[in-house]
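Once you've had a glance at the structure underneath, I'll fire off some questions.
Chain naming follows the written order as A, B, C and D, and within any one chain the residues start at number 1.
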Amino acid sequence: MIRMVNRALKDMWANRFLNAITVVTVALSILIVGAFALFFVNASGLLSLWTKEIRIMAYLEPDMTPEAIRSLGKRMEGMPGVGDVRFVSRERALEQLREGMDEASALLDSLEENPLPNAYEIHMAEAFRNREKFELLATRIAGLEGVSEVEYGQEWLNRFIRIIDLFRLVGIAMGALFFLAAAFIVANTIRLVLYSRRDEIEIMRLMGGAEAFIRGPFYMQGLLQGALGGAAGMTMLFGGFRFVADKVAEGGGFLPVRFLPDEMILGIFIGSMVVGWMGSYVSLRQFLKA
Amino acid sequence: MIRMVNRALKDMWANRFLNAITVVTVALSILIVGAFALFFVNASGLLSLWTKEIRIMAYLEPDMTPEAIRSLGKRMEGMPGVGDVRFVSRERALEQLREGMDEASALLDSLEENPLPNAYEIHMAEAFRNREKFELLATRIAGLEGVSEVEYGQEWLNRFIRIIDLFRLVGIAMGALFFLAAAFIVANTIRLVLYSRRDEIEIMRLMGGAEAFIRGPFYMQGLLQGALGGAAGMTMLFGGFRFVADKVAEGGGFLPVRFLPDEMILGIFIGSMVVGWMGSYVSLRQFLKA
Amino acid sequence: MAIEDSGEPIIRLFHVHKRYGAKKALSDLSFEISRNEFLFVSGPSGAGKTTLLKLLYLGATVSEGQIIIDGLNLSRIPRRRIPFLRRKFGIIFQDYKLIPQRSVQDNIAIVLEARGAPRKTIRKKVRSVLRTVGMEDKRRALPPSLSGGEQQRVAVARAIAGDPQIILADEPTGSLDAEAAEVIFELLREYHRRGATVLVATHDAALIRRTGGRVILLEGGELDVVTTIPRLPA
Amino acid sequence: MAIEDSGEPIIRLFHVHKRYGAKKALSDLSFEISRNEFLFVSGPSGAGKTTLLKLLYLGATVSEGQIIIDGLNLSRIPRRRIPFLRRKFGIIFQDYKLIPQRSVQDNIAIVLEARGAPRKTIRKKVRSVLRTVGMEDKRRALPPSLSGGEQQRVAVARAIAGDPQIILADEPTGSLDAEAAEVIFELLREYHRRGATVLVATHDAALIRRTGGRVILLEGGELDVVTTIPRLPA
């Protein structure tokens, strides 16, 4: 085992030009995948920040006892998908309306009586923020006893949820696409490297080298190239991220940008090793057949 | 010239394995760049759709003559960055308020007098949709004679404009990054191909082949590989696009998805040829030095 | 450990044919090679000498017929056993087949590494075979920086490094001057004395006469004659 | 168009040294080669024969000294003129240097394409030189599928395809049997009769004796002797 790593390292040094190219290719592929992941993580982080503000307003029947109101709130909290339930009294609602109306707030002064109902403001649990679930929940809340009407910011809600849906779809599709494309490119590069060394492989076989003996160092190299390339790509990505993050901060820091979560970094790193290994595997199968 | 193309084609056939790998690599790189471009085009198209709704409300002084109101409107239209100017009479404003208030609209019935002012609703020209320019315009409008107050949806506006800023920044950065990375990968692949043929190049030089004679077919091949790879990548992208677009349509067609604009397709295609050519150029410089 | 020529065959060919597409490279060859024989395969350019050696180490497979080496039928040998077959051989290829990116000593070490020899043994053995062919001072050089004859001597050193039972030498002195060639031939004779079976493919009649031995003469892929030529008195 | 050996030098070497790192491959060589001479360069393996030829076609540059070919000082020749220098030569490389991915005929055609010859001329010439070396039926084969001797004959065919002024032949018959070797040598003599200057590097004394001519004998990179050996009466 140690001997194989040894041979792999010696071999990488002997063919440093080829190895450098593979590592650079892995690094750039990882950079691309990582950049996309980073963008996606930040954009969807931003969106989910906003979706926190999506809420269902459940307006209550006028003549409920405080007791009944409280028990209704409890029932809402118990419903699946409900995150946070806040009571908004009719007095508070009028105040909010007044604040929101700016210019026109003068006209509220002429009111004799508060025409607004009590209400519950319901926020959803994170996992449930998609349109179908949201609408289902709204319908169920509307069916509760004591709820006279349900309102939720139709227009904005739909936009938000649609963009999240789009992001999810495009994100998964593009993530998969990028990863596959990167894996293909890396495999192709390794294949080319092996191609330019096919004579050497052939000679080792003629010398009575067993398959494991011949392939071992190549797998090892694939792994190492993947690891090196992955590390280099991540480092470049982090550099680029710092640059953009600084720009954003200059621009007023209006957006909460963050780097990839640790488990994703680890995942991409392991992914790059797997890609290196797979590249060797596929190429070796091709060349060592005959 | 025809002879060179001929030699290039013959050569590509003789080395079809190497050429296939280069073409596949170009195709995948173009696919990645194209997928990102496609995503960016659609997402920013979506956003600019929304930003159409960002507007400045300019509330007018109460006692203006229709004549003065009209000339004010003209002045606004003449300001740089202004796209569309619409007059909203105080009566229309009250109606809109009533519509928007739902539940609470009953309280408007008790009004004796319309407390709302006349207003102009100003939409911006597309090119001016960024925060600084927007705020500058708002300030200038506020300074106009006859305008009592300016209002614009602070919160939403800022969000929109920030996300557009982010998109612009990230889009340019990532676009450039992807293109560079793809170019590097392709150049590396071509370099590997040349590396595995360096003996052949050396032999041709020893046979008294002039540099132009030796390099010509390689440049030609680079161009052809770029073109083939670009076409293949675009085709794959279009396939993927149709698939996602169908999914989106199934999901209710809530988003206006479209493929890349023609000039961008052409640009990417030419870019892929340039990349092929550049890859050959860089690699040939390296190998034909000595 | 000098073993006598026991007469027991180590290699047997039965009606062996080899075709490359339509081209017949070997036709209906049948003969036996005894254990510890020193045999020449001769014939003009393109006669099929290299092809014959190739069939023995499974560098190519027969189109028809059977080859049996040391009791193993080459047509029936499972793929993963091929390396073990090849380790019986020490092969000097006509085009040397040195790995250009590896130093001379690494090229030779690889044969021993493939057999799983311990590192110290490898180092000693590599030195010793390089000394034998007079290439010790070039052990760190890369093959492309060697002269033709030097490459050939490295190829010889590699072939004997594994102390093979059977030595297949394809034109082993084609790039060597008479003196260096004699050194190599003396080496082959030395291994022969120590028990190895030696098969030399060459078109050089003078060389055959100098050494003597049985000669298989090929002509256009067919067995022309088998004769025994006595060693020329020095 | 038989040109007489005019005695006028076509190649002149002045105190030429060639070092590879610390290793001296050639030391202080000075001699002249006349136009239309048939010259041998001989010496044991590693003597510097190949290195000497390499310096002539600028496959390597001298470390010290001057080489003048046809009035051109090789140290002063601008880079873009090198191809024109090389077209004066027809080179048979010791390791053949055939392009493995290209067919035999393409390998030869490339020499003529590089000179910008018209397509029809190329086709005819390729056929004719292949016929001369007896390889016409293998014109579509790839070099790796040829026997050693066949490859060497293709290398010879390529060298003469451009009707060169100077033929540099490095061990041109090392892989050939006596009969095929004689065909090649007759070919070289034929080109010599037609006016070419021929330089053959070989360690094969018998071959030199059969042809006869001036011999430059190298030993460890140094000029040992220059003698003229008469042609052996057949």
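Just so it is clear, a contact is a pair of C-beta atoms (placed from the backbone, for glycine too) under 8 Å apart; a residue touches a chain by one contact, two chains touch by 3 or more.
Computed from a prediction, not measured in an experiment: that's the story for all the values here.
Trainee: By CA centroid distance, what chain is farthest from chain D?
Mentor: It is A.
Trainee: Which two chains does the highest number of contacting C-beta pairs join?
Mentor: Result: the chain pair A-B has the most contacts.
Trainee: Just how far, in Å, is the C-alpha centre of chain B from the one of chain A?
Mentor: 22
Trainee: Would you kindly tell me how far, in whole Å, the mean C-alpha position of chain D lies from that of chain B?
Mentor: Here the centre of chain D sits 62 Å away from the centre of chain B.
Trainee: What's the distance between the Cα centroids of chain B and chain C, rounded to whole Å?
Mentor: A distance of 67 Å separates the two centres.
Trainee: Looking at which chains touch which, would you call it a line, ring, star, complete or other?
Mentor: The chain contacts form a single closed ring, each chain touching exactly two others.
Trainee: Going by the touch definition at the top, which pairs of chains touch each other?
Mentor: The set of touching chain pairs is A-B, A-C, B-D, C-D.
Trainee: Going by the contact rule set out above, which residues of chain D touch chain B in the complex?
Mentor: Answer in residue numbers: 57, 59, 80, 83-87, 89, 91, 97-99, 101-102, 110-111, 113-115, 158, 162.
Trainee: Name, in rising order, each residue of chain C that touches chain D in their complex.
Mentor: Result: residues 20, 43-46, 49-51, 94-95, 145, 147-150, 152-153, 170-171, 174-180, 203-206 of chain C touch chain D.
Trainee: Tell me, which parts of chain B touch chain D in their complex?
Mentor: 7, 14-15, 197, 199-200, 203-211, 213
Trainee: Given the complex with chain A, which residues does chain B contribute to the contact?
Mentor: On the chain B side, the touching residues are 17-18, 21, 24-25, 28-29, 31-32, 35-36, 39, 43, 46, 50, 59, 97, 102-104, 106-108, 110-112, 115-117, 149, 151, 158-159, 162-163, 165-166, 169-170, 173-174, 177-178, 181-182, 184-185, 188-189, 191-193, 195-196, 240, 244, 247-248, 251, 254-255.
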